[in-house]
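Two complexes are shown next, each including subunit A; its partner changes from subunit B in the first to subunit C in the second.
Coming up: the complex of A and B.
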């Protein structure tokens, strides 16, 4: 079980998504850039040209390296590109949530939480 | 039915209720997100000249989060092991805390940078810098007092990310913002909490199943041992019988 110390500093949401998803969520005021000289952003804008390695690195940074992130949001079609990482991710913090994007509606078949459900019922 | 099976059933029942909540929250998130995308598309369609696209070109490079998570739970009052909440702090206190959290060196640096900026940029700055300017302006008497008061008036508004895109933003963009805010403040933290609770119930179910399997194995072992004993006894009886038969013949 996670202890109090594990999550008391986790105050930011992080997003990996396409430009529109990020714009929308930043409009809600979740965007954060840390003080210089780090200037670490809590979001990654992904387009067709973005390398899978870059997505994986961002996922790694948000879930493992940074200790101030409580929820990681990721567009489902981008999560598909690093599916093995998402499916093997078991940490309690941060929580990873897949969200729909403009061009790719939410598919429950792919959702990592619902995949967990199927595993529990032995499918 | 064994006690273990009953606990597993109870856990699964709770799990299915959580799954139902999760699915409902998912549906609301989908609705909010698609509304947000539609509003955003409409804002882009009717964009004024000069604005190419409401996107990353306009993001403030020094943005500070105005909506933050607080994680609680684990108490007896809630069934959930973790409870996520996302809230926007009070604008005034926020300006104060961000200002306090900053080193003095950075402040001095900002203040010198401040002087080089043109007045047009001033409208788009975040409140932290404005408060810093306040402190610097109060220390230098050459600055007129009126700028200080106008800066103070702007303070709560200027954290709004809408300002990145200009002062008079189109209605669809504001609608996109309100959809995003309800997704971030309401649905996403609840989804995260439910997902965390589901994970903890999954763990309990797996543990209970293991315990049940262990108990069944031990039962089986006992049964086998008993059977073996009985068979052993039978063999002894047979031997005795043989001996008796041998004696009589």
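Coming up: the complex of A and C.
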């Protein structure tokens, strides 16, 4: 159960996505780099060459290690690469949200949360 | 005994019967309260799931528009600005804040977005050309992120409510199918034991009374017999006593007389 202290200081969003999505979201002003010496970025640019392990590590870092992130946005086609991690992620905080990307249209059937919604409605 | 396996380990006394009855009453009250809570939560939950469904579809459209405006920027600037933007991002202008909402005792967090004033990491972006497009793109994306934040808070509420409803339903079922039957069984058991004790006590008293009556009858009979025997003894004793009493006289007689009789020791 999430407590008050657990989400009070969560004030940033984090993104794992392709270059275009990241660029757009950064333009909206969500980008944040922590103070030196950490210099941790709250976004990860993924392309075809990025290792799945690197994506998993970033996901791990955003969801469990950092305590200042409230929402993790992840492109759906990238979420598919670490689908097992997303499906087993059940914590309320931070929220993991799958977003469509430019090259990959949004498919509601793949979304973990929407799948649960559908299952609950018995469809 | 079918209920013997499933009851609480209590001594069948009147006191524990009272306790069990109070417990049963408490369990029934708790059951109805929890049931109502679960219903209220489920109502809320259904509303949220419906809104999530809508919001997800809306998000798809919003993101499409936002991507389009980014394409416009790329075209206007005439190159990829991604690298420049990633490097110049330093401090988040767009932040979120969590507040809480209370639904039948469950705290549901809701995100709220706000923008901090004063820091603009991308002041130089699009300075050469395409500044207008960059500005429009920023606004579009800001709107998209707002929609995303709203969706995220719905989703958080969904996850938390899902969990809470499961817990509440589990409790309702536990009370309905385990605690109430078990308490009823215990009450039944205590009642039957108390009845049994009553019967036993009654039987015992009856037995004691019977035995007493029999004992008195036996004692009476014995007494009567004794009396009769004594009477008899007394009567026969008088006959026997007389010669015995005459014993010393006869000895003198024996001494006196020549004839000797058998001496019985």
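Here is the rule we go by: the second predicted complex is superposed on the first by the 117 of 123 C-alpha atoms of A that agree within 3 Å, B and C clash if a C-alpha of one lies under 4 Å from a C-alpha of the other, contacts with A are read in each partner's own complex, and residues count from 1 in each chain.
One rule holds for everything that comes next: contacts are C-beta pairs under 8 Å (C-beta built on N, C-alpha and C of every residue); 3 or more make two chains touch, one makes a residue touch a chain.
Since this is a predicted model, take the numbers as computed values, not measurements.
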Fit-or-clash call for subunit B and subunit C when the two complexes are aligned on subunit A: clash
Which of subunit B and subunit C A:56 touches, first, second, both or neither: neither
Which of subunit B and subunit C A:28 touches, first, second, both or neither: both
First, second, both or neither for A:73, with subunit B first and subunit C second: both
Clash with subunit B, by subunit C stretch, listed 40-48, 184-192, 202-210 or 238-246: 40-48
Doubly contacted residues of subunit A, that is, touched by subunit B and again by subunit C: 1-2, 4, 7-8, 10-13, 19-33, 42, 45, 70-71, 73, 92-93, 95, 97, 99-102, 105-106, 108, 111, 113, 116-117, 120
Interface residues, subunit A side, partner subunit C - complex: 1-2, 4, 7-8, 10-13, 19-33, 41-43, 45, 70-71, 73, 90-93, 95, 97, 99-102, 105-106, 108, 111, 113-114, 116-117, 120-121
Complex contacts: residues of subunit A adjacent to subunit B: 1-2, 4, 7-8, 10-13, 19-33, 35-36, 39, 42, 45, 70-71, 73, 92-93, 95, 97, 99-102, 105-106, 108, 111, 113, 116-117, 120
Subunit B - residues contacting subunit A, complex: 15, 19, 22-23, 26, 29-30, 33-34, 36-37, 40-41, 54-56, 59-71, 74, 81-82, 84, 86, 88, 102, 106, 159-162, 173, 176-177, 179-181, 183-185, 188-189, 191-192, 195-196, 198-199, 202, 205-206
Subunit A-facing residues of subunit C, complex: 49, 52-53, 56-57, 59-60, 63-64, 66-67, 69-71, 80-82, 85-86, 89-98, 100, 107, 109, 111, 115, 121-122, 125, 134, 137-138, 141-142, 144-145, 148-149, 151-153, 155-156, 158-160, 162-163
